[in-house]
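Chain naming follows the written order as A, B, C, D, E, F, G, H, I and J, and within any one chain the residues start at number 1.
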Amino acid sequence: MPSRPVRRLDAVPNPHPDRDYEVAMAIPEFTCLCPMTGQPDFATIRIRYVPDQHLVELKSLKLYMWSYRDEGAFHEDVTNRILDDLVEAVRPRWAEVTGDFNVRGGIKTEILATYGKRPEIA
Amino acid sequence: MPSRPVRRLDAVPNPHPDRDYEVAMAIPEFTCLCPMTGQPDFATIRIRYVPDQHLVELKSLKLYMWSYRDEGAFHEDVTNRILDDLVEAVRPRWAEVTGDFNVRGGIKTEILATYGKRPEIA
Amino acid sequence: MPSRPVRRLDAVPNPHPDRDYEVAMAIPEFTCLCPMTGQPDFATIRIRYVPDQHLVELKSLKLYMWSYRDEGAFHEDVTNRILDDLVEAVRPRWAEVTGDFNVRGGIKTEILATYGKRPEIA
Amino acid sequence: MPSRPVRRLDAVPNPHPDRDYEVAMAIPEFTCLCPMTGQPDFATIRIRYVPDQHLVELKSLKLYMWSYRDEGAFHEDVTNRILDDLVEAVRPRWAEVTGDFNVRGGIKTEILATYGKRPEIA
Amino acid sequence: MPSRPVRRLDAVPNPHPDRDYEVAMAIPEFTCLCPMTGQPDFATIRIRYVPDQHLVELKSLKLYMWSYRDEGAFHEDVTNRILDDLVEAVRPRWAEVTGDFNVRGGIKTEILATYGKRPEIA
Amino acid sequence: MPSRPVRRLDAVPNPHPDRDYEVAMAIPEFTCLCPMTGQPDFATIRIRYVPDQHLVELKSLKLYMWSYRDEGAFHEDVTNRILDDLVEAVRPRWAEVTGDFNVRGGIKTEILATYGKRPEIA
Amino acid sequence: MPSRPVRRLDAVPNPHPDRDYEVAMAIPEFTCLCPMTGQPDFATIRIRYVPDQHLVELKSLKLYMWSYRDEGAFHEDVTNRILDDLVEAVRPRWAEVTGDFNVRGGIKTEILATYGKRPEIA
Amino acid sequence: MPSRPVRRLDAVPNPHPDRDYEVAMAIPEFTCLCPMTGQPDFATIRIRYVPDQHLVELKSLKLYMWSYRDEGAFHEDVTNRILDDLVEAVRPRWAEVTGDFNVRGGIKTEILATYGKRPEIA
Amino acid sequence: MPSRPVRRLDAVPNPHPDRDYEVAMAIPEFTCLCPMTGQPDFATIRIRYVPDQHLVELKSLKLYMWSYRDEGAFHEDVTNRILDDLVEAVRPRWAEVTGDFNVRGGIKTEILATYGKRPEIA
Amino acid sequence: MPSRPVRRLDAVPNPHPDRDYEVAMAIPEFTCLCPMTGQPDFATIRIRYVPDQHLVELKSLKLYMWSYRDEGAFHEDVTNRILDDLVEAVRPRWAEVTGDFNVRGGIKTEILATYGKRPEIA
């Protein structure tokens, strides 16, 4: 069995930096651990951003999400940290991260955090 | 059988108070009693808020909802009271509570109340 | 068999008149008669309003809807009349009535009428 | 306003009596009165049958359904009576009537009655 | 506030005892307590039966379901007990009870119990 | 067989001309011919408008739609022509016509045209 | 404008006549005329068959369906006639035709006719 | 962080062993590792069984599913092993396990394995 | 650009050959060419089989499906050929292949072919 | 087999250039190759535009999409290039292209690019 991947988001050059356009990605296979009980949590992470000079490299994004598998993480915190890491990695003009977590104790939770001001795109 | 829980919402520190972000929670298992007939009413309660210095603690939210189980409550009133209690507990920058009640007498009712002005997010 | 109910909407005091909030009700069991042919028409009536000092009393709303059962009514007219009666009964800050009528002659019709200017609620 | 139609189902000749085939009809606009309270009940009536020498004439079916509008009728009884009337009118090889009634008191009810043994049709 | 209703299912005469037909009822508003933790459980109860000489009276069914509101009950047990009570109350030719319980601990549970052999209908 | 109807939209007086309200109609049974190949095309036509002094008469609308059955018509053109005819017939304060055409050559096409500026209705 | 196509279903050789397999086709764009009123009717025609030595040629099926466009046809009759024509054209081991017609007078009608005994597949 | 739970399914007495009834459970939060690449796999596991003398204890089922989190497991193998473990733990009269795995390489896979012959339950 | 893959399905040993169980796979990304016009066709291929001594290896299945990308293939023929190749590759106890092709000329086509007699599973 | 079509979008005159209206097209059958691995990628391309003097000719659009079948193309790049080609071909007043790509590595990607400022259309 390979060990867990390093947490890192790679950037690749944006082929159309002269235009404001949106990239939207959904990762329905996110899992981490509850910091209180150590039990697994499951979520769909959704990312939307308007790239500036760089795009997120897809394979590194997959490994990045995988890197949370053994880590304890509160819903509100992990969603904001993913946004911070995305912003640092590709310096987008605008970005939004949604953490859509499964029901726990009869309560469904969804966290939505954004960075910057969204350029006007249709 | 344990007795009904005390009605109280606990607050925990917001790990990212420097950013406006949204927390959305759905509680599909809300039940109270009709103040006119004493018969059970059922609803889904949905909460959205932008935290300031505090978040709602999840377990206390579950117990808070449970505390209405034996109480008579009008649809319009209980939805506003949940909003009031949420605002008092975590002093959010903005909050919204929706009470989505089951059909009674062939009529479906949904109450929507908000507090403050929503910061611009996404 | 009881006779048809009198057409009347009762008002009850709004327990939270200091806040702009929305009440939404759906009545999927509305039926009246086509004034041209005398044949039954069926619709879902949807009401949304922001109460001022009064709320619509639910049982009177059920009877009010029932009172159209033997009456000839054009789609556009009856939707506007329900709005007028609602406004007169509870003097809301804002109100909207939608009449969503079943297919007749291969055509589906929906009428939407509003009263006042909607206060800003999330 | 025209008075209520007479309760009668008309038959027309089956153009293909040599073959077992199925006719299925759905009438989502059925309404009658509750015999206990006099209040309106609403249902979707579904009919399936394998015709023998006759088909149900569609316009008479529409008027037949309309004829229940002012009549008190229990769910279980009215569904069986529609089946009886259908059988008497067209003497099908097999027939099934479903009465799918709207929620009352938080309970949804559906009645299913059949006549004869269904011929084997894929 | 009225006290909890007595647990009792009333029977009314079947108006069509000469025919095998099916009655299906769904009660989406069932709640009881977890016998381990005392916390509320929620379920949709579905009942199907072929009546013999009696039908279940609807209002008593509503009160019967309500009577579990303060009682601790395991999923498998309560579903079977509802079936037993139904059988005792109306002596149906066949009956089926399904208890469709909400997610607990990331697991959704549904219990299905039947009584007798279903007559061939449709 | 009757011949095709004349293409004409009739107007009837608006019973509530003092209020801006919306009428929405969907006609899922529109068919015309492809001007290139002569083969049938199928579409759902959707109309929304805010009436001024007149409403569209429903039966004439049905016949109007029927009148395209034998006519060759490009998607973009026919949608705009229906809007023009509607505007001429009832002089609405605002109107919108959508032509939602079935897949041809693996491509789904939808045309949306509007007239005037929509009054503010919730 | 080309004239209406001749009503004819062409057959092509079945490449796998040694195996019982099923071909299922749906034609959502069927239209004919009501023989009573001359007004258009619309339906989805669904065909399933187990071929013997021949398959239905697809383009001829499209033209065949088109050929009903100007013809008066009762629902029950036209569904059976399509089955007859299919059987004559390709002599299948088994066939089924469903005519799923749009709502008329508040009633939805679906006709199902079969030919032969279906071989056991899946 | 607690270590992974031991793989064990606990049994509790069946309160109604005299009746054949079905227990159905869905666990949408199953994850293991791909034995080829070490990368995470995700699945919904569905279990249905007819208990004999014992039921599966719910909390042990949750921990059992969790115990696969760090283990390499082929789709076909793990589904059959879960069935084997279930059978050993509660000796059901009949059991079925479905492993419904997420898309990999553009292919969605679902494995279905059963034990014993299902008693006749509605 | 790499050249198209060789058409070959690989087999791997079945880890549970002593049990009849079902493997179901869906491949929504199948494309080939129309032999008449050379234009692309698109389909979802669904496979279900009960393995004997071997399973289909997943990566070879993905490449196998890809190998049709440049090939002309009739719907009925290609579905049967995939079944033949599957049977030859893994000699299943039973197998079923469905080819669910996109609309062409307003007609949706689905082909279903099976091999052997399905063992009784669930 | 015909060779791949030349990549070219043809324009036809806009029959209603005096009005701002929207044309929306969905092409669910787009496929290209991954530039990294050479393996097929699949997407739905959606186009919306407000035409000025010209419309996109539908058949050329179909062939244009087909022309990507053998070409390596990154998601972000190909969506922007389709927008560029559309703009050059018909010089719209506004245009939007969405590339909605299938899941790869557990990640779903959608790219949205626009040209110009959308005129106000309802």
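General observations
Please note the rule applied: a contact is a pair of C-beta atoms (placed from the backbone, for glycine too) under 8 Å apart; a residue touches a chain by one contact, two chains touch by 3 or more.
If you're wondering where the values come from, they're calculated on a predicted model, not measured in any experiment.
Interface repeat of B-C: among A-H, A-B or C-G, over half of the contact pairs recur, by residue number, only in A-B.
Interface comparison, D-E versus A-H: the pair with the greater number of contacting C-beta pairs is D-E. Distance between chain A and chain J, defined via averaged C-alpha coordinates, is recorded as 28 Å. Chain D and chain J have centres, each the mean of its CA atoms, that are 51 Å apart.
With each centre defined as the average position of its C-alpha atoms, the distance from chain C to chain D rounds to 31 Å. Chain centres here are Cα averages; for chain C and chain I they lie 55 Å apart.
Multi-chain contact residues of chain A (touching two or more other chains): 28-29, 42, 102, 106. Listed in rising order, the residues of chain D touching chain E in the complex are 74, 76-77, 79-80, 96, 104-114, 117-118. Across the complex, chain I is touched by residues 14-16, 19-29, 51, 55, 58-59, 61-62, 120-122 of chain G. Chain contact summary for the complex, chain F toward chain G: residues 1-2, 28-29, 31, 33, 37-40, 42, 66, 69-70, 72, 102. If you check the complex, the residues on chain I that touch chain F are 42, 102-103, 106.
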